[in-house]
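Below are two complexes that have chain A in common, paired first with chain B and then with chain C.
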Partner chain A sequence: MEKRRKKRNVLPGFGLTMGYTLVYLSLLVLIPLSLLFVKSASLSWSQFWEVIANPRVLAAYRLSFGASLLAAALNTVCGLLVAWVLTRYTFPGKRLIDGLVDLPFALPTAVAGISLTAVYSQNGWIGRYLEAAGIKVAFAPLGVVVALTFIGLPFVVRTVQPVLLDLEKQVEEASATLGAGRWQTFRRIIFPHLLPALLTGFALAFARGLGEYGSVVFISGNMPMSTEIAPLLIMTKLEQFDYAGATAIAAVMLIASFLMLLLINVWQWRSGKRHIVG
Partner chain B sequence: MSTISTDHPVSAVRHTARVTTESPVMRGVLIGAALVFLGLFLFVPLVAVFAEALKEGWETYAASLVEPDALAAIKLTLLTAAIAVPLNTLFGLAASWAIAKFQFYGKQVLITLIDLPFAVSPVISGLIFVLLFGSQGLLGPWLEQHDIKIVFAVPGIVLATLFVTFPFVARELIPVMEALGKEEEEAAVSLGASGWQTFWKVTLPNIKWGLLYGVILCNARAMGEFGAVSVVSGHIRGMTNTVPLHVEILYNEYNFVAAFAVASLLAILALVTLVVKSVVEWKTTLHLAGGEQNHEH
Partner chain C sequence: MSIEVQGISKAFGKNSILRDVTLEIPKGELVALLGPSGSGKTTLLRLIAGLEAADQGRIVIDGKDATHTSVQERQVGFVFQHYALFRHMTVFDNIAFGLQVRPRKQRLGKAEIARKVNDLLALVQLEGFGNRYPAQLSGGQRQRVALARALAIDPKILLLDEPFGALDAKVRQELRRWLRQLHQTLEITSVFVTHDQEEALEVADRIVIMNEGRIEQIGTPHDIYHYPANPFVYGFLGRANRFEGPFDGIGQLPAHSPFVGYVRPHELEVTRHRVEKNALQATIQHVYAIGPIVRLDLKRAEANEFFEVEMTYERYQELNLQPHETVYVRPRTVKVFTGEKGLVSAR
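Up next is the complex of A and B:
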């Protein structure tokens, strides 16, 4: 017992680093964040409800949640496809493409916003063909989905890729030997194995989309009741010095994000893996 | 007999390859579909930034970059990153040392709390500092009495940037340090090295690639943050405008070429970040492969 404790204390600096970590974390993150809840607690329940149940606010929540959900779903399907192609096949330019998948993590959201708007507006490189087909992307709800798809693109790819790499080829061989077709092997053997990673990627992309601001405000057109997202409404309230209103809308968003974070952590704790870059 | 022994393995190999992959046609279709998706959402928008920026030639491009407001924005962005990145790097080093080298109760909770800023919308990240330091905020009246300006001024921008880039270095370093264990450090200490010596000579060389990776991601976000900074900046041209905010102003004034020219700087920064990231990943796989080989021998 004595020996064990001694061994544990060989390395110095626990007090210093731990103390610094806790002080810095509290000052910069925990105290300012908890203030948001203190501030919203100063509203009475009816005041709070009045802000939240306003039709314009409800429409913004609906758009934020709906578009994030759609974008995350699209990213789950296409992200699986991209991860599959990048781990299983060889083709020219693969390494370059693999590196570029992380672009949405590195590219400032404002840049993504103006660029997507230029590409998907009615005169844009892609937008003009969609316009001819009668599909309006920029300055329409669909634009929000496009922006959030860009923002959430790396999450599913990067959570699924390592799992696909770790998957033993022998399992697939065994499945084939036992007479399963390729599709059957994928559906019954590979897919169940990938499911936790897919769900984690989906949740990360969804959570990211929920709070996204920079890329959306340019492409959406910001029309109340139609293309106005919840974070923008917080901004609008702040500009009108309606701090209480901004705080109430933010508190709901924050609780939703924390629930997502909790869910992701529980999944990860169960599958024993920590997620990648956010 | 000899024909069988040469023939058999070959056909077995070919068979295995066939059953664990798709037909060439299917492969082509899947690769094509993935490339179309990435093209629509990644490549085309990336190329568009540069195409729009150079629409009116190199002279207009250069002129939009050296214009005084643009230069002021670049200066402020560099200043913000120069403060935020070192502070969060220091925090990342301290946090990962405490978390990876010691056992304590509530470690998982601490790791989750460090990740918290990633779960918060950028707009809310800015909002909390307005609630704290704004004129109607908790400390607002006191700050006004003492004539200290934080929100709608440079300190607010730095604080918001510190908040959104808070987890980057720590979350890169924690898994790296955990994987390395603490035997090397314990050996150094038992041989008489001081804490600082152990850190500089043993730990730092081992974590340098992970550290660089975290720093470069932290820097990219610090220079590119838009939402949080937008809330606290007040948008005073030439004063409290960072590069991303300057892009927004130019864009909203329909000065598209200038907006994309300034945006292209940030796109180049993003591409450089990705290149450094790839190099670091390549270095770490080499490092790992080397380590495994050593273990085998």
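Up next is the complex of A and C:
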């Protein structure tokens, strides 16, 4: 039998890098998170179920996941548009807008929450007119979506931008010479090329939205059963020294978000792996 | 289908790329647009395809004015230098693309598309490669897929932008011959852009030589090579030595007025002794003795002029030439362009 020859790599040894990766991930992610389960294990199954199945908790989950998904979807569509404009056209102030995109990353989330509330509340600049049209943003579930959209904006733009830049102009021209119209070129050539990046951006924006706390608590009004998000409920439990209850809620969120992210990753991997081979 | 280009001008910003270009390509011909980079040849090709809009002039394809029709309507097969294949599609889907994006009424059935794609795969000698992705193919194979994709839409004309530019020398040779044969079987009017004069001379029925946005000469490879219209064409088609007069050292030319003469390196004869009193005296600067042809760099005596001579290896051995020796050079033919003063540069 032929002996397998070791591949030479730039970084030293698989053993060292993998070991480092594991230690790093363990210290920062796995150990803290496993404590979550240890803590919630102090509850019996029936107690655990009681915490989880509480209507107030269920409503909070619904709002958290629903608003995050909606905000991420919104960001995927609009983020693609922003990325498109920023890569395809030159216009005065392009650099400025490019820089603005990153602002939600840098801004303390509380500041974002307060300013969004100011603008979208009943007598705010925009809220005033929306209120007149019968749309309530601040202190309503819609406000949560607005806050999460703001927070997640950079993710899609920043993941799609480099892929769009990388797309050869000639590929689009080839499509045109073969008789494809603009929409066909976009749908059949450009979109499949962008899909993996779009999915990554969606997953990041969604994950960010699930964990967001600072900006949401200001704009939502935190009314139980209506505008209360799961992270806030966890905070409330902690303040009442109900550590086990708080970790139970957290554990469910963790598992649910992990499964959803895994799903998105698998989908992304499948749509992206094909043309990377070779 | 014939192509007529009438008085086309094009500028990008302040840079004038094409200046009043007029060209006629008869049906079924394989024409090469040849010129140095920046001569406007690729822009001309893109204008014919409709990928670029002309500032002035008309483009007529098959007797119909196509100046203002879109790329999609022109039905041209276009092959890009860097293939421009759709990376996320298999070879099969790449070739089928042009058939699948047709309006529903004109679209062929699935089975028919499959049959056509398979025929094209056979034509470009890539049977069995239908399920591969472009990333799994070599450069030559990718370019053949690109060609099959362009042919799938039954184009009226086939346009190729430096189709072999990104390939290595050996594959380029093969594909050149293959394109020639393919053109003979398909008889489709084809235009290809190249900066490689050898490629143009070998493949094309006719050559259009371009320089700085203008056409310098149009003709068959034979005509262009043997009867170049001007110094640019002469210099572009092969190595050229430029001699500036007046002097009585070259050929049988009279020594009266100032003139400029051109001689190809292989048309110069080298002797060790002055056989004829008109021969040019020179010293050998460098000898490149690799392969069947030996090239010498010579410096003309009493002038700061350098020129090249080519001879067979046998002749070189016979003469037993060494660097820094003095030799005598006599041209067998000299090309003189009327009207050229001693100022115009040859290259």
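Basically, the second predicted complex is superposed on the first by the 224 of 278 C-alpha atoms of A that agree within 3 Å, B and C clash if a C-alpha of one lies under 4 Å from a C-alpha of the other, contacts with A are read in each partner's own complex, and residues count from 1 in each chain.
Keep this in mind: a contact is a pair of C-beta atoms (placed from the backbone, for glycine too) under 8 Å apart; a residue touches a chain by one contact, two chains touch by 3 or more.
Please read all numbers here as calculations on a predicted model, not as lab measurements.
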Partner chain(s) touched by A:Q184 [first = chain B, second = chain C, both, neither]: second
If touched residues of chain A are counted for chain B and for chain C, the larger one: B
Chain B versus chain C as contact partner of A:F14, first or second or both or neither: first
Contacts of A:H193 with chain B and chain C, given as first, second, both or neither: second
Touching partner for A:M253 - first (chain B), second (chain C), both, neither: first
Touching partner for A:W269 - first (chain B), second (chain C), both, neither: first
Which of chain B and chain C A:Y129 touches, first, second, both or neither: neither
Chain B versus chain C as contact partner of A:E173, first or second or both or neither: both
Residues of chain A at both interfaces, chain B in one complex, chain C in the other: 173, 176-177, 274, 277-278
Chain A - residues contacting chain B, complex: 7-8, 10-14, 16-18, 20-21, 24-25, 28-30, 32-33, 35-36, 39, 78, 81-82, 84-86, 88-89, 91, 95, 97, 99-112, 114-116, 118-119, 124-126, 146, 149-150, 153, 169, 172-173, 176-177, 182, 207, 210-214, 218, 231-232, 234-235, 238, 241, 243, 246-247, 250, 253-254, 257-258, 260-261, 265, 269, 274, 277-278
Contact set on chain A toward chain C in their complex: 168, 170-171, 173-181, 184, 188-189, 192-193, 274-278
In the complex with chain A, residue positions of chain B that touch it: 16, 19-22, 27, 30-31, 33-35, 37-38, 40-46, 48-49, 52, 91, 93-95, 97-99, 101-104, 108, 110, 112-124, 127-132, 134, 136, 138, 159, 162-163, 166-167, 171, 175, 182, 185-186, 189-190, 194-195, 198-199, 217, 220, 223-227, 230-231, 244-245, 247-248, 251, 256, 259-260, 263, 266-267, 269-271, 273-275, 277-278
Residues of chain C that touch chain A when the two form their complex: 49, 51, 71-72, 75-78, 80, 82, 84-88, 97-98, 101-102, 133-137, 146, 149-150, 152-153
